[in-house]
Amino acid sequence: MAGLFTSLRDDASLWMDHLSWLDYERRVQAPDATVLLPVGALEQHGPHLPLGTDAMLATAVAADVARRTGALVAPPISYGYKSQIKCGGGQHFCGTTSVDAATLAGQVRDAVREFARHGLRRLAIVNGHYENQWFLIEGIDLGLRDVRLLHPQHDLQVMRLEYWDFLTPQTLAAVFPQGFPGFALEHAAVIETSLMLHYHPDAVRLDLIPDDPPADFPPYDMFPPRPAWVPPSGVLSSARAASAEKGRLLAEEVAQRLAEAVRSGFAR
Amino acid sequence: MAGLFTSLRDDASLWMDHLSWLDYERRVQAPDATVLLPVGALEQHGPHLPLGTDAMLATAVAADVARRTGALVAPPISYGYKSQIKCGGGQHFCGTTSVDAATLAGQVRDAVREFARHGLRRLAIVNGHYENQWFLIEGIDLGLRDVRLLHPQHDLQVMRLEYWDFLTPQTLAAVFPQGFPGFALEHAAVIETSLMLHYHPDAVRLDLIPDDPPADFPPYDMFPPRPAWVPPSGVLSSARAASAEKGRLLAEEVAQRLAEAVRSGFAR
Amino acid sequence: MAGLFTSLRDDASLWMDHLSWLDYERRVQAPDATVLLPVGALEQHGPHLPLGTDAMLATAVAADVARRTGALVAPPISYGYKSQIKCGGGQHFCGTTSVDAATLAGQVRDAVREFARHGLRRLAIVNGHYENQWFLIEGIDLGLRDVRLLHPQHDLQVMRLEYWDFLTPQTLAAVFPQGFPGFALEHAAVIETSLMLHYHPDAVRLDLIPDDPPADFPPYDMFPPRPAWVPPSGVLSSARAASAEKGRLLAEEVAQRLAEAVRSGFAR
Amino acid sequence: MAGLFTSLRDDASLWMDHLSWLDYERRVQAPDATVLLPVGALEQHGPHLPLGTDAMLATAVAADVARRTGALVAPPISYGYKSQIKCGGGQHFCGTTSVDAATLAGQVRDAVREFARHGLRRLAIVNGHYENQWFLIEGIDLGLRDVRLLHPQHDLQVMRLEYWDFLTPQTLAAVFPQGFPGFALEHAAVIETSLMLHYHPDAVRLDLIPDDPPADFPPYDMFPPRPAWVPPSGVLSSARAASAEKGRLLAEEVAQRLAEAVRSGFAR
Amino acid sequence: MAGLFTSLRDDASLWMDHLSWLDYERRVQAPDATVLLPVGALEQHGPHLPLGTDAMLATAVAADVARRTGALVAPPISYGYKSQIKCGGGQHFCGTTSVDAATLAGQVRDAVREFARHGLRRLAIVNGHYENQWFLIEGIDLGLRDVRLLHPQHDLQVMRLEYWDFLTPQTLAAVFPQGFPGFALEHAAVIETSLMLHYHPDAVRLDLIPDDPPADFPPYDMFPPRPAWVPPSGVLSSARAASAEKGRLLAEEVAQRLAEAVRSGFAR
Amino acid sequence: MAGLFTSLRDDASLWMDHLSWLDYERRVQAPDATVLLPVGALEQHGPHLPLGTDAMLATAVAADVARRTGALVAPPISYGYKSQIKCGGGQHFCGTTSVDAATLAGQVRDAVREFARHGLRRLAIVNGHYENQWFLIEGIDLGLRDVRLLHPQHDLQVMRLEYWDFLTPQTLAAVFPQGFPGFALEHAAVIETSLMLHYHPDAVRLDLIPDDPPADFPPYDMFPPRPAWVPPSGVLSSARAASAEKGRLLAEEVAQRLAEAVRSGFAR
């Protein structure tokens, strides 16, 4: 598995943490300078995908977008909100390492405040872990409340997104020839496995993809969570149909459409 | 600068986020299983070192220790506590991207609680950013308060350290032939630059090392901080004497002595 | 509009706050005693629906379920999480009165802790405001963390749900003869308006239903939010097709299936 | 007990949550527009009064004032601060469902901030639960600190009150012909019971009024609280002398004098 | 400067902070060992009393009680909750230096947790600042919640009191020959001034006692607070009738009755 | 008990809490008016020093500086951050009474905000407890963030310091004729004991100074802390060489140099 990160990190100018502060300052002064902040999780992804899948995919997607747009990629937030039974398998798995809501929202609030201080006008938060969504929203809202007061001369705009929402029905139809069942059970399943086969093939153990039938959940949550609702493998629907080729297709569309959003979505 | 991370990430079995949860579970069940959690910062390090220096060094040191001890390295906490004039140059630099105390302590508290839930008995937090120290202590204290209540059957021990404290006077004397002036001004200076030359030579711009005289601080802090106390470059004392060879020497000693601490410092 | 609440509040034994503590204590001691906690919002719902729609519907649904199951309805949490452009129109509307994440999660945490102290074993949180969902999850998680420690002899289970998730495709097909476009734009639209016509007809101004075309959102959020993305009325898709009869159909199915969940979803 | 809320909610134009946002916006733009926010509790009130007494009375009083002044009534905050032995009987009673200080203060802070955003200039917080008082103060103080920064163009004034403080010695003398013993033991006693007989007669069980002698407390609190200090019924002094007629007298004076305060207490 | 604390602290054995930890440990092991924790404020007290009056009186009372009971006095919490117009004059005065609710409650919570760790079974919190009351309650409640979990083997009891509540009607009648008008306006007035003349005569400027008539407040609060409601001196009713002799009488009764409470109020 | 505070507080005009608010207001209006805020701890200091040593020394130093500069001394913050094994002996000692990070930072934040409201331009926080340092920094940073928004017309500057950092190598050489071993083990050792002999000789028990060899710590922390690393006395290195004469020398230099810093360190 040597060289795992080689292709990912091939261009130092993408990565904010690899720039000196003077280089970063120069980059940020461009009127359309954009920073992409990947947010992931450390969460079980079945026997065939690594714990860091969400952060690795959010980072890889962000890098692809940065290559196309000249944006910078900030270091990822690697620890995400608590895994839920119905979208990530739940907190009972060993290895899943999660944070409380206040921690994640606080991390984002502080980052938003700091990027505004730098004079950055465009920040895009690229989320790879479904459970993070609303705590990112809270963090951004609180961060911009601070910014409005502390840096009123700045006009930081923050874009927030889950990368999979950029997939078109056409592409999903191509990837799921028997019909796309929706994102609900797509944890460690076809989309994530294909993307990992595309971005980090050495990190995927195709031979260990489990054969469990898709999970079937009632229209409510129960707490304490019910591990029995989830296959013991942690996979919510089969990843058997995953392939690197599908991953390429998915990655290509996400990168292209997200890059377009980064180019056109911010106000001048 | 292709391959920046190649040598660092050469052995997937070091990295917790590259393991599946089942592999991690197996690893954690060993009685002396240890996880190393690097904590860094995104902070100006002069014109010659990248913003991510503290996280990169804490991670590199942790990886070296992991190779020697069989420990795992968790994903780094990449955003650190607010930079202070007298140790990191201060918060007025563009690019420095910091968090409030509650955020950092909360992140550590949550991580400690989660690692205890995994059944891990040995966690070592490897700090690379001086300003983080006391908020790591608070996070660990609050985390273990939770663990005692929520996971009383577990006996997680947490080691906490700054990697440079493992350097012996002998080595410091070798690296500073004219006498070691102490760690106070070692921000973006000889030690960090040498270590970066050792671990990430492509990320160092030797040609840009500034020539400022060492900073001279009064025995107190002033708030709002005084940017005028700090050289405009952000470097607190000259890195001119840095070399990859010194970096190797420093890295070797830190790794060897820290590995010894990891082996012998935890109670059975 | 006299008697607005008459039919709703016709049976005092449904309402926890109308019982004396001794009556409540008796009720709670039954082994399958259940409390339903409605959570709503005070949020614009277009020119034709009242600000309290979400709380009124969550409460009405809870009352219907209580009538069928013998459960009790606790006083609603009437203030919800901040309205988002793409699901509730956003925070720029006059009248929308929202709380921060910590407030809502704290309210739920405290309630969970208290119900456990009462000896209650079954609590169902009936959500009527989409934006609340994840902060309810956080509140329940933190509340049960407290309960595990403070009331270890208790075994409170918490069910959490959005009432509309109990609608079957068959019913949605009946209500939307031209095809159900999904819940995304169902803010102040056909489902909510029909349910209000069923439960609180006097509170609906059919003559004021706006004629705006459905909102069309990009696959990302922008902050500060963009009011221009939302029709000035605050309605995300037309409510013209709403009717009391559809409301009855929707209400009936939600009540029946939610009652079934309350009966069978909790562990013995 | 049908029609419990009929008389209370007879005029939809009183209730903020029954208005559309456009109607509310129109109302709020009047220069003397006032919103009344009732705050109560869910707390034991003896065998003869319901758990929701404090919220029901604060809401009923607010409605009476609104009818006289044209003010609006916002949805009540139904969950109050923890019941104390010497004023509410204490937290050991089943049914009492309370919140921590931070929750209540946070709820009020957020509401104050939101009403200021609406452009409201006059907010009156009508408290019906003694224990809430200081946390309302903290919530208002923090909310106005936010308002001063976030909405400096607004000049929201907040009135805060306990409704019983508007009773004159004359009226108290009439209600207590043998001398008013002070408010200290007036929990579920003559004043609250009389008011409930006036506002919600169906919710009072006169036959269950206990005959305990008045509680007698030392001049200090003890924690953990001492349930033995409180009569098992939860009533701190006898409600036997309560009557609907006294309730009418009390309600009339409170409403009249509070309406006068609302009219004259705010600055132009 | 020898003997700096000698006369103040005439009996070193009263003051916890003057004991070594070993002496303290011995003292605390006695079965009826009691610690008194004074809580005050730094708040305007008119032209004739010092800013520290509340802390000085709470401490002096605690010392008197300690002398009679063998209890220890812990260092005072010197900064109190925000001054309110109607009881302390308000926050607009220069010199008043107050804390937010969370700060005060947190300070008390932490202290309660620590005293329980010491094995102390009896803690009495002696309050000298009216505004502190409810935040002390919250701090004790949260502290004992922690103690129950973290130190379940301990059975710390906490007494909480305002010292003036120990005055009998007889004494108040003696001090106020024309009738005691109640504690409401007793800020920097007869009771506090007399007690200061008794305990700290050098700190009282009798010649500066203002002649303002008593403040007259409506039965509600207004926020932002109305400085015009308060005499410019900050004194809510005249202290002219104060005397050292009255102070002695008041101090004697408080000390004697509070000592009795400390002796008999804790459970064995 | 007349004159209780007289000798301690030999010069009432030093102590902020002994001034009336009008006197304080006058003092604060001077352009170079300075307030010194001592921060200490209640922490074991071996068998020979009292628990309050840190607060007593910070206060005594502040008073010496105030006498030389005309500054005022605010009431000390007497409870400090949790004692650490390697600098204060640790939290396992009876008598050590500490606060969490959020409490201490909150106390400082609130104080900073209040002093700015007073119009004060110069605040110096004089720390006597090593563990407090970073939480003071956080409190000041958050406080000044508030001040910038709430009191933008003010320009409060905050100086922060540990008093021992004002000692020169010359004086340390005089006090430690065999070489100064550094501050690391100076807990309850020569410096603190000498200063206490100078300021509070009656509070020192020379006969109880233990004879333990200096503690020897590894270059890392362990949590839960290891009491076995610390001598049972709590003293980290011997205080045998302490003397009142050394105390005078130390106190003199600290006071003189700190007074100079107070005079010259603030911007005009």
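Residue numbering begins at 1 within each chain, and the chains themselves are lettered A, B, C, D, E and F in the order written.
Keep this in mind: a contact is a pair of C-beta atoms (placed from the backbone, for glycine too) under 8 Å apart; a residue touches a chain by one contact, two chains touch by 3 or more.
As the structure is a computational prediction, the values presented were derived from the model and not from experiment.
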For chain A and chain D, the touch-path distance in steps comes out at 1
Chains adjacent to chain B and to chain D under the stated definition are A, C, E, F
Note: chains that touch chain B and chain F both are A, E
Check: chain pair from A-D, A-B or A-C whose contacts match over half of those in B-F is A-C
Most remote chain w.r.t. Chain E, using mean C-alpha positions, is A
Chain A turns onto chain E (C-alpha superposition, degrees, nearest 5) by 180
Taking each chain's centre as the mean of its CA atoms, chain D sits from chain F at a distance in Å of 47
For the pair chain C and chain D, the C-alpha centroid-to-centroid distance in angstrom is 25
Distance between the CA centroids of chain D and chain E (whole Å) is 30
Two or more other chains are touched by the chain E residues 100, 102, 149
Among line, ring, star, complete and other, the chain touch graph is other
Those chain pairs meeting the touch criterion are A-B, A-C, A-D, A-F, B-C, B-E, B-F, C-D, C-E, D-E, D-F, E-F
The answer for chain D against chain C in the complex is residues 1-6, 8-12, 15-22, 24-25, 28, 42, 44-52, 55-56, 74-79, 91, 93-100, 102-103, 106-107, 109-111, 114-115, 117-119, 202-203, 205, 208, 234
The residues of chain F that touch chain D in their complex are 149-150
Listed in rising order, the residues of chain E that touch chain D in the complex are 81-82, 84, 100-102, 105, 124, 131, 133-135, 137-138, 140-142, 144, 157-161, 165-166, 218-224, 257, 261, 265-266
Interface with chain F, chain D side, in the complex: residues 145, 148-149
